[in-house]
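Each of the two complexes below includes chain A, the first together with chain B, the second together with chain C.
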Partner chain A sequence: MSLSLKKTYTIILLLAIFMIIVGFWNPNALMDGLQRGSLYALIALPLALVLGILGVLNLAHGEFLTVGFYFIYMLNNKFGMDPLVSIIPTIIFLAILGGIIYYLTVKKVVNKGHLSQLLITFGVSLILMEVVNIIWTSQARNVYTQYAYASTEIGGFRFGTYELLYVLFAVAVLVGLQLFLKKTRLGQATFAVGQNPKGAKIVGINVEYVYLFVFSLAIAILGIVAGSMLPRTAIFPAVGSPFTLKSFALAAMAGLGNLNGILFAGILLGVGESAINYIPNYGGWSDIVFFGVLIIVIIARSYRGAK
Partner chain B sequence: MKKNLFIVLLLIIAFTLPLYAGAYVMSVFNTILVFMALGLSWDMMLRTGQLSFGTAGFFGLGAYASVLIVTNMGFNPVVSLFVGAAFSGLIAFALGFIVLRLRQIYFAITTLALTHVFSVIIRNLSDLTGGASGTQLDTAIFGGNPTKLYYMILIIALFTILISEIFSRSRIHYAINSIRNDETTAKSSGIDVFKYLLFVFVVTSALQGLVGAAYAQQYAFVNPESTFSLNFLLLPLAMALVGGIYSTNGPIIGALILGLISEYLKLIMPYGHLVVYGIIIVVVVLFLPQGVYTPIKNKLLKSSIVGGDNNAQT
Partner chain C sequence: MKRNNLLIVSLVLILAFTFSLSALGQDDPIKIGAVNPLGDITGRQSTNAMELAVKEINANGGLLGRQVELVVVDSEFKPEKGAAAIDKLATVDEVDFFVGGMSSGVHMAQIPTLKKYKKITIWAGAASHQAEQAIGPDADWYFHLHPWDYQQGASYGRGWTAIAERNEEIDVGKVFLAYEEGAFGTDSYNAYKSMFASAQEGEGPFAEIMEDFAGASFKSAALGGGDYRAMLRQAKEYNPDLFIWAGYDADAVPLLAQTREVGFEPPLFVGAPPGWPQGFEANPLSDKVILYGMWAPALRQVNEPAAHFWEEYIKMHGERPATYFAPLGYTNIMYLAKGIREAGTLEKEALITALENTTYDSPLGTTLEMSPSNIIKHQGFTAQKILQYQNGKQHVIWPFDLSTSEIEYPYSF
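Up next, the complex of A and B:
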């Protein structure tokens, strides 16, 4: 589902108006929402990539993130490596892990029905989470770095600067993915496989290889998320799990194959979530934003599809 | 004939268990029966071709409805079980009109999201539900008598088995199977697909609500974290898969196998014994898509037929 240029501008305009309103009401909510939303988008991009190209909803997405967290925690704990530096080995580690898991499980169900796909990734998510649980127990852990708590003040409004890194990374990953899909040969092949796997096979594209590559790439991107998020979050075996469903909410909202839309959707829901979070006494309701929007969007789409 | 004898034997064992088993064994079987009933109800929905991830949600709704009606309105706990079932069924009926339009991953994900929505709503209606810390009852149902609790759960499990059997033997199963195999064909043969889906969705959700209510009354306690725990989705699902989906016997056998294995593992492995469930799900989906029940049954049938032939020849 590709959006026309005019429609994209309308969406950006509406998003900007919404953000300005929230900004006037409470600048903290806007800043927090922007940072949070970029993070959600950053996590959702690889999920959407796998969903778009392989057609598989990876329910183990969040658990791969958890594994990334613990890998970085281990590097920090054993070798004193800075979390941001350890992004690079983590990307390599996750790419290999993703490749192996793809080869052992997901590969066998790519062409089967959605039931097998959902169940098998469900099983993988349980295995990853429980293995982390066995190795590191359920005790919460964290990594302290000085720079993660830096803040700046602009006109009397004080905000944390470290989390702006999420915005930077989200934009960088999005631009990188778009360039990869449009400019490189492998990217174009990937795009073709996503459009029509049978046709791609006929013109000589190695579909199996593309699937393996895309799955590994998607899991590897989570290394960036893990490294940048770890200084600000305590980790425990279920830390990544909620992100799977949130990522799917963004992917469903943006529409299949619309990577730019994921960033907009992420920021919109992020700002919405943090705006509700800042309403006194009603902060707890913010958790409902994603799930509510997810349900509404899916159902609205089903009605539109029926017509 | 042999089969009927076997079933009667199992029933006798099930009903006389409290006579010779201690409180620990009874509580193990109690848990197994709870998950067996949930697994069966999940499988009944799956027989229509719809993969529901909402088991934990309707389980939790039933649990909350039953506990709240006892604490706030002083209902009899036994009556509250039916209230829990009715409440879950009612919510399923209302939601069914919109949710059952969806198919495949969209249905699965929406039911999963609904589970989260239920738990967020209940956590935030703290005046009514006690919020994040939950609500406690003064006393468990039947004063917490383990034998009576066991019989309560046993009767609920048997009731679920009965409904599942009715579903797979009466005329309904033609409609259910044809919807699963090919919805368009089913529709063009004059089957009101939506009506059947809604019917099955409401019945299975009410069963899940009933089990949830019984579970909550047994422990005299509800809390958003533990009542809506995804374990009430995952474990029944794994059990049904292991035993074999689309049948009544599959989830029963799966629940017995996995229930006993996990009880044993819990003792030797305090952390992460659930990893076994993950491995089992993956292995079953990859190598045993029919579960353990159907292949074993076929093998037994085959060997008995072959044996018969041999006898005839000699």
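Up next, the complex of A and C:
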């Protein structure tokens, strides 16, 4: 599930050089990019987990995030619960929802072709979005908390502090997943299923249970994203949808099953995107650069693989 | 002789039957077909207001001795559904008139279908000049209520000029437009750029006030963005007198909050989204934010039709009107009804002539009357109002004859 140590150090070194260059040019671009990139990585990690273990590209990933947002919004609206506190009940709610959706839909296509998997998760995404639309309408909603927009100034460099939480959560989720996969029996079983499901079944691992657990866990992690992100964003039925594509882009860039690579890819793309945003009149190019870098990395990897 | 008698009796019976059918037809309601996005507050409240108007018309005896029936179809804010709705209203429901709706994108898809039926159409929303071009100069059956985008831009210029003249401390020399990357934002940017070019030549609505103009784009939260810090830092460096953002309702709160995060405090902070997020007025971030719109709840303090509409709407629907599409929807039906009364017939040509000469004191505080715009013959309203959130309420700042409060200046956290 990880690159060799040498490759990892090379990637870290290149990333560090890139960040130093951006930081010297514009420290705000570096800080904003680091925060945004960590958010992208935090959202992409659970998608990469499902892709790596089940081999299913979950096109409803963003819509599960949307459901998480609205669940927290509801808790805030009805009970005045702070979004960060709401993370705990939301994790439980999303884990149950993920389990149910897995049982009703994804389970039927795990061993089928990719087209069936894409179609069924696309169908789930449409249903989730329409249900949200019917219940809460398309009007944008917010949960405003003053702390989410706090900033600090160090030597004339002013930056927002709240989004540093994304960095913290992304690292925590990554470390947590690595520890789970390497240090627990269920994690090792999950690793084995991800490597070779038939072999895992032969040695007595309950593959069906592992799939159910991993899918529920991945959706549950989105509760952390929803709780930390809600104070900084407006929600509407399509709010989560763009993150499916970005998450898939990170997973593709990092390579299948490479969780560490997701964090590096997220930060690289986040800082790159931010740097473009800081060039006057070129803000609109950030998506082109985001996906351009992705394509270059994938092509470079395919050449290396061919050699 | 017997055969002649039989023939006469048959003719009498046929005539009697025909007349009775005709009389039955006279009792049929006048059908008005409305297309609105019912999942959105604008469409839902506009439809509610249309229902209120129909209820009031029927309570007063209907139109031409007939009751009025409103048939509503949901466009879901989708162009293909909006176009199909027109077909359904024309062929299945057999409505007499089309009314509605909102979103230029949806309307662009509806225009070819509207042209197919050529029924009298009173359209409330859609502001893009591209929709006006698509309608063209020959559609005498088409009446448009919402000001076109270029008319809105001109009215802002007139408004800011008047406000700057009245308040010596207010300067609108340096203008910065933050615009979302899509068609809506880019159109706004191009419109301001063109107004600035005219202003440099001493022409156009901003001629007397605009000295410099700059802009920066951002990715709207509605399209997966939501990080405005780079754009806001550019704006802060530019240090504008008037900061305007043209994005969507999803951008409102995060953008305002991020202005605090980066320490950007322009003297005039204007938001120009098509709608605002739910409960925005109660959000502490809304205070002193200026907005453009056709109506504000506070208008009922200074305008009798606005007060009547406010009270009756709440009485019927148990909620407050929260978007100008509510009084606009009411106006949509009432204007058509007044035109029918003045025409005394549903005959198309006579009714078009009557509508051309009809004026209606609307709850938007402005009298509705038709005049030609750049392309079409029948344009209703031609200006927006400048409003401001003050202590959780929207107030009218300009035009001064409808003003419900003085401008609070400068904007500060």
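As a convention for this text, the second predicted complex is superposed on the first by the 290 of 307 C-alpha atoms of A that agree within 3 Å, B and C clash if a C-alpha of one lies under 4 Å from a C-alpha of the other, contacts with A are read in each partner's own complex, and residues count from 1 in each chain.
Methods note: a contact is a pair of C-beta atoms (placed from the backbone, for glycine too) under 8 Å apart; a residue touches a chain by one contact, two chains touch by 3 or more.
Every value quoted in this text rests on a predicted model; they were computed, and no experiment measured them.
In the superposed model, A:Phe291 makes contact with chain B only, not with chain C. Judged by the touch definition given at the top, the superposed model places A:Asn133 against both chain B and chain C.
Within the superposed three-chain model, A:Glu208 lies out of touch with both chain B and chain C [touch as defined at top]. Judged by the touch definition given at the top, the superposed model places A:Gly160 against chain C, while chain B stays out of reach.
By the touch criterion defined above, A:Pro280 lies against chain C but remains apart from chain B after alignment on the C-alpha atoms of chain A. Shared-chain residue A:Ala148: touches chain C; no touch with chain B.
Legend: residue contacts after superposition of the two complexes on their common chain; A:Ala29 is shown touching chain C, with no touch to chain B. Annotation: chain A residues 133-134, 137-138, 284, 287 touch chain B in one complex and chain C in the other.
Across the complex, chain A meets chain C through its residues 28-29, 32, 36, 133-134, 137-142, 144, 148-151, 158, 160, 232-236, 238-239, 241-243, 246, 274, 277-278, 280-281, 283-284, 286-287.
Interface residues of chain A facing chain B in the complex, by the touch rule stated above, are 57, 105, 108-109, 114-116, 118-120, 122-131, 133-134, 137-138, 245, 248-249, 252, 282, 284-285, 287-288, 291-292, 294-295, 298-299, 302-303, 306. Taken in their complex, chain B has these residues touching chain A: 46, 51, 98-99, 101-102, 104-106, 108-110, 112-114, 116-117, 120-121, 123-124, 234, 237, 241, 269, 271-275, 277-282, 285-286, 289.
Only residues 37, 39-41, 44, 77, 181, 216-219, 221-224, 226-227, 229-231, 233-234, 248-254, 257-258, 260-263, 275, 277-280, 283-285 of chain C touch chain A when the two sit together in their complex.
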